């Protein structure tokens, strides 16, 4: 079954009010093209789940700056002063999780489970008494699974059936989100015929991918960011 | 040698051959430049790299290859890339031998505060809590005092904690101190300063048993 | 056409183009041979294959490529291999469109028993419970009666259940029956048998609304 | 750090009484050479965790037939009448789990978590009342993590640092067990220098592997089993 769609049609599947997971850790793995189309189409009241907020003027920061986002579930937004300002002004609800806990909450949803027992930050201010469970003589924090209606992911390579392979530090949250969301929209730099990715090298199996967008080219969003080049 | 270089130079000696090490944002990421090019260590970066290495030359930068601090890095033969769940599985399953990490405050019980200054700075948690709680050995790299000259090495942290009783060693620009059941024990003094002067600059009570003054190294 | 082939031939028609299908051990694994070679389906095998296909010719068998039933299989372009956690993530996250599965007993409420006969047969659970509970559509393939002529299609299962209320359709050598809120509804009769004769061979009460006698197809 | 060891030294790390995870689903991915060495060395009172019991005379069935195994934690042993007989005779404790639950219990240990909340087989005879948890208005089964002191895994390819790549249907439980166990002993058909596996294609990262055994050749255990060839 071919899953290729135009970027307009793929993003049009997302209604206002949707919960959307978005891959990427910083720039690598961020599906900038899908995000930019979501900015263009203008859906609002979105809840986003992403490791970080990208940087001002880029990626999900555009959605937030544009007022399309109600809530952001994330781990760290230190590289984005604009989003911190919007948060501090009360115009964006931000929910922070430890990074690996966020990853694991997403994976737990992807595995069809409902939560997991953790000992991370048990006695920290981020843990509420109602999150604690005494079980078989020990106290755990129950971390509930994090589901979403949509996930937007970026892949280096895909086949038309929806198998995906990521490259380098662009793997990060992408395969986890692809497992977790009901509808997974993938953008890929290079889309080939089935068989173009050796079966052992598929990172996200076609079963998890709903719609596939072949990128005609990479915009400057995907390039080296001059202000991160240290001398 | 600058105060920063003094910390980094000493920190590099903490890295044991054959180990897996995470270097936190800030000072710690710079430690890598104080290691020999062929040193046998695997640098773990939370964003999904084992085997990251020094920063890339501008002409060789790969926009898809950053470390968790956002720097364009290189990798060494035998490196691997993986997803964020695997990356933190390594951390929580205690496969990391050493994490070097920065601090706003660190105290005599080994408590660490480096993620939040209420009302001033709260950009999120990142990987700090899991790294601090689960790495086998935590070495804090920090200036001994803040910009206003106040000790960052306290009897008891006042800021919200990143993790409790997690720190094994503190390397400041002035001294190397170990967290022990008896509080902080000074192991080395890194600059031209007396025991009394060091204690004067430190809120936490220091024990000097076993401490030997070390030369700057320059 | 043999009773077995009648089941398999009819079962093959259940496979919707573009779908992801798991074929359980026993009769279901044979369905694949009743599908056209170029049919657009992805066969999921619990041991970590999406895109498994027909059995390999003896000279082309790969000892590292079996399906979950232990048969040396082939794969099709676009297949993938993955670990057992991912394999069951697909199952539990309901990415499979259809599972065809065998039964010791199946009943009018859609309950399925196929993993254990207390005191006689209890080799374990395998993937059956997760497949039965979580696949969007479950079609049971079974002989209508056991070797002693007793109905396997019951009003209420007596054996320990694999999963409750999970079965959508039953295809036996005699009929196609759907599990509905009103019990079993016969959709097709697959052989030369009257409604009354079919009911006679079936412990569960059957409803014949909508049933049309179908020819054997041979 | 080079992890290569002789097979004798690697297996000698396992004491009697140990809990040992063993990769493989049927033949593919079963570390037959490591198992055969464990038979030769004769450690006893072992608790094994493996998807199945292999087949009579092969793999872990040899350990069980040889009386070295106290308990087997598994999903299905239907292909091994000998082990079923030993179980029925009361000479082997067998604990069965649904296959994906076993996989997930192992992965949960590997992720440094302690359990997960499931809805699989909630009302089945395999679920005890004390496994059930009412949490936030819903009932879950708590599946606890499954840890082990050792894991024996089979890889197609390795580098001397311990990075592993699996092939075909031989992936199965191997990468999960490699994450979960305290000491992971890997056998590999082909061991190369660091860099021989592209970094995106590493299935088990070197951080998880303790000791590596290069196989000089594959014994007949690894070949096509004549009685499984259907005509």
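Going by the order they are written in, the chains are A, B, C and D; count residues from 1 in each one.
The working rule: a contact is a pair of C-beta atoms (placed from the backbone, for glycine too) under 8 Å apart; a residue touches a chain by one contact, two chains touch by 3 or more.
Because the structure is predicted, anything quoted here is derived from the model rather than measured.
Chemist: What's the farthest chain from subunit B if centres are computed as the mean of the Cα atoms?
Modeler: Checked the centroid distances; the maximum from subunit B is C.
Chemist: Centroid of subunit A to centroid of subunit B, CA atoms only: how many Å?
Modeler: It comes to 29 Å between the two C-alpha centres.
Chemist: Between subunit A and subunit D, what's the gap in Å when you average each chain's C-alpha atoms?
Modeler: Inter-chain centre distance comes to 32 Å.
Chemist: Round to the nearest whole Å and give the separation of the Cα centres of subunit B and subunit C.
Modeler: Centre separation, subunit B to subunit C: 57 Å.
Chemist: Do you know which subunit A residues sit against two or more other chains?
Modeler: 104, 111, 113, 119, 166-168, 171, 199-200, 203
Chemist: Touching at least two other chains at once: which residues of subunit B meet that condition?
Modeler: Answer for subunit B, listing residues that touch two or more other chains: 81-82, 85, 88-89, 91-92, 134.
Chemist: Applying that definition of touch, give me each pair of chains that meets it.
Modeler: A-B, A-C, A-D, B-D, C-D
Chemist: Could you list, by residue number, the parts of subunit A that touch subunit D in their complex?
Modeler: 104, 108, 111, 113-119, 133, 135-136, 138, 140, 142, 144, 165-168, 171, 199-201, 203
Chemist: Give the list of subunit A residues in touch with subunit C in this complex.
Modeler: 1, 109-113, 159-161, 163, 179-180, 193-195, 197, 199-200, 202, 205-208
Chemist: Enumerate the contact residues on subunit A facing subunit B in the complex.
Modeler: Touch residues, subunit A against subunit B: 25-29, 51-52, 74-79, 84, 96-104, 106-107, 119-121, 123-126, 156, 166-176, 203, 222-225, 228-231.
Chemist: Hey, which residues of subunit C end up touching subunit D in the complex?
Modeler: Touch list, subunit C to subunit D: 45-49, 55, 58, 61-68, 70-72, 81-85, 87-89, 91-92, 123-130, 133-134, 160-161, 163-164.
Chemist: In the complex formed with subunit D, which residues of subunit B make contact?
Modeler: Interface residues on the subunit B side: 17-18, 20, 40, 42, 44, 50-51, 75-82, 85-86, 88-96, 134.
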